[in-house]
């Protein structure tokens, strides 16, 4: 694993919010939107050997590694600063996801995070008009907080991937954490892209911002996501090519490409 | 790997019983039933990066990591205390299973375990009315014990997974061990759940309790498992959703979920 | 990982060129051709446990490990010497590819490489008459150089495998790097061999040699590749056998080959 | 990885012979036969986390781990003692196979092995009446030896798995090695068992014994293998059960066996 540290911020009793890409991009959209609206500042990047062996070329022709990122925001009005963890990818293997989750919790301990908010999708497999927000906790004392903000208590189920592991390992490390899950249909397009669900992110952020006691304008989120959807349509043509490239680089295969 | 140690018990010439989830849940049901009936006490949990990247939400809305666990029971009447090893999951990879098996045997050495009893299923692929119990050993001297308790000596075959590795590595570390295998049909339901087999566990526990010289009431085991079956039916609806989530988080796939 | 160091060359402000096997063999052919024409000298080999578990037997009956290689060339006329990185295989896993990429960049740092040129294929999925050359960079300052040599700036997309990771990690390590991608149809033969594309390599080398200010004769490249194609036809008969061998050795399978 | 050392033999300019299970069991049968006929003595066992997570129960009800083994034989008449490396399994992953191959070569270095003989199968995909023996070498000087014993020089191709890696890494460590490959059809039975090929082993051993200057009776090999074949028929019934067990323990799957 490699790290790039841009800054060592001094933070005041910070809260932490985590959201990696997943179903409907709910957690990722929410994290990105928070970062943008708060003008949160990047202070560290993580690069894992378990990320897909792939780099992105941006519009200006410059390469970007797949990465996970930490941002911070100084809250001048209230008593808790904020750390936001996100990224453009999840590790491919269970071991890689576990390792990332532990790095996140190491940062939480280092910065003496007071409360952790992890985000996830709650798949309904049917259309959702007004997404409801579900919650789960690391410690029973936190259930009060779910009630206070009218979050529906999850009563059975599971959360998978790095988003889930961060939440579970927080309990192990005795860091108080709340997981917020927003309803999303979980549909994918014919070409395999997950449908990006801004409505789910909006519902989630409404609750989260109240919990964080932060005021941000949630209207632009829909517009922002519309742009993302157009962008994705442009990408669909290139999708086959990408898929093939990745498949070749990650699938063990006979060395038919050996050049003698 | 992470460990959570709740207690460092002082144990008197302990025996150890191991049973992780597997076919028909035979070993797992048996371990759970022993723990419950004896009111055995949890003293250590193990969390492995090779467990599925998944956390459970319990009925009270609190998160649980997948884990393996050590319990102990102070035997006030007899000369041997008891350690019970179980958990709600097996590691996904051969390497992860090997690592767990070695941790179990390290505890066996640390607590100077006198004898190890590993449990497993013996798949018949046909209906079983009264499950027979088979046995295998690490040292020929132990074959006498199989005879004494009318356990059928396995004469060829194999045992897979962590339950098998614990047994095999016990021989390498020169810890006397007996593996008890109870007959089970090995069926799965249409939706892919293994049929939980309380009868197999009951047969196994009848023999094991004699070997351990422990008296417990085995009748409630059927009732207990009936509840588990009802619970599983409730879960079947959610199964598709879970399966998809896990598949997505463990399968290398093209980075179509990358959000730019 | 194992290393075989043949020589510790003293190099003058070197450039580095990297090209591992990939689609159309574009990068690999280009690297091999440079090595041959410049009579570059081998100075180090890398052997990775993540390469396919396979060894080659050459025409003279001598075994060769799969390997990645570093060559150097002393440029007597100009001010920059040259390091060329290539090999006959890519690591099978993302982790293995990441590890190799880091070794390459460690060499770049050790030899104080002034500029890195990575090579890759740009798949068109349609016939290509005159392959166009695309480019991407690690630092915006390098975009000028793309323009100067009439390289088309990539404006979105990605590069997969070790070739991509070397490029991305160069940015992380602040080593100026340009990736050149040459158009290739990306076809495979009926038996699964990638079609070797000398034309794509030729276009790429035309640009690269100008950038390196090196003059080499590019005509023999087509002839050289024709030989490679004939060689591949001879290999096709053996392909099934190889594929089966590799499949068996890398696929987890029931231990049916256990000999008791 | 775990090791069990039974003895530290003092060996006189030893040769080493290696043969793990593979196609037709050619290398494995040959190694086993040598061990049996020479009454070679076991001195070390290796257990790898990358072996299948599976243990065997032998006829006497005693458990056996899957393992790789080193045997030695004191040659009282000639000047070279002998080390034989074999086992009942190959590691599942490329990384696991590489690690085993390196352990083998570490032993070769430790005991100052003068020459290494690796064994493998040469698959014809058609019936073989009198198996021909092919050879390859680590150093051109050894080609003379192939000619002397009328071994056909391999002129192109490859050798996969641990048997191949041992051979290739011997060259890297500058240990003189010859690989002998015996023709075998490479058939499998309807239930997936590889056909054990005693004839191929016999041809290979004829050449190998001449090279080692050892005289052993090769007639019993056919009879011995006949027994093995009968044994395999008995196993076929149990095969389905085994296959399923292994599949379940090595395949990542949804945690449907989680017991709540």
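Should a chain be cited, it is by its letter among A, B, C and D, assigned in written order, with residues numbered from 1 in that chain.
We take it that contacts are C-beta pairs under 8 Å (C-beta built on N, C-alpha and C of every residue); 3 or more make two chains touch, one makes a residue touch a chain.
Just so it is clear, the structure is predicted and the values come from calculations on it, not from any experiment.
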Same or different contact residues where subunit D meets its copy subunit B, judged by the half mark: different
Greatest separation from subunit B - chain, by CA centre: C
Angle, in degrees to the nearest 5, of the Cα rotation that carries subunit A onto subunit C: 90
Distance between chain centroids, defined by C-alpha means - subunit B, subunit D (Å): 35
Where subunit A and subunit D are represented by their mean Cα positions, the distance between them in whole Å: 49
Where subunit C touches two or more other chains, by residue: 52, 54, 56, 58, 92, 94, 158, 242, 246, 250, 252, 255
Of all residues in subunit C, those that touch subunit D in their complex: 2, 4, 47, 49-65, 92, 234-235, 238, 240-242, 244-246, 248-250, 252-260
Subunit B partner contacts - residues on subunit A that touch it in the complex: 21-23, 25, 28-29, 32, 52, 54, 56, 58, 66, 88-90, 92-95, 97-99, 123, 125, 135-140, 143, 146, 153-162, 164-165, 167-169, 171-172, 177, 179, 186, 192-194, 196, 228, 231, 239, 242-243, 246-247, 250
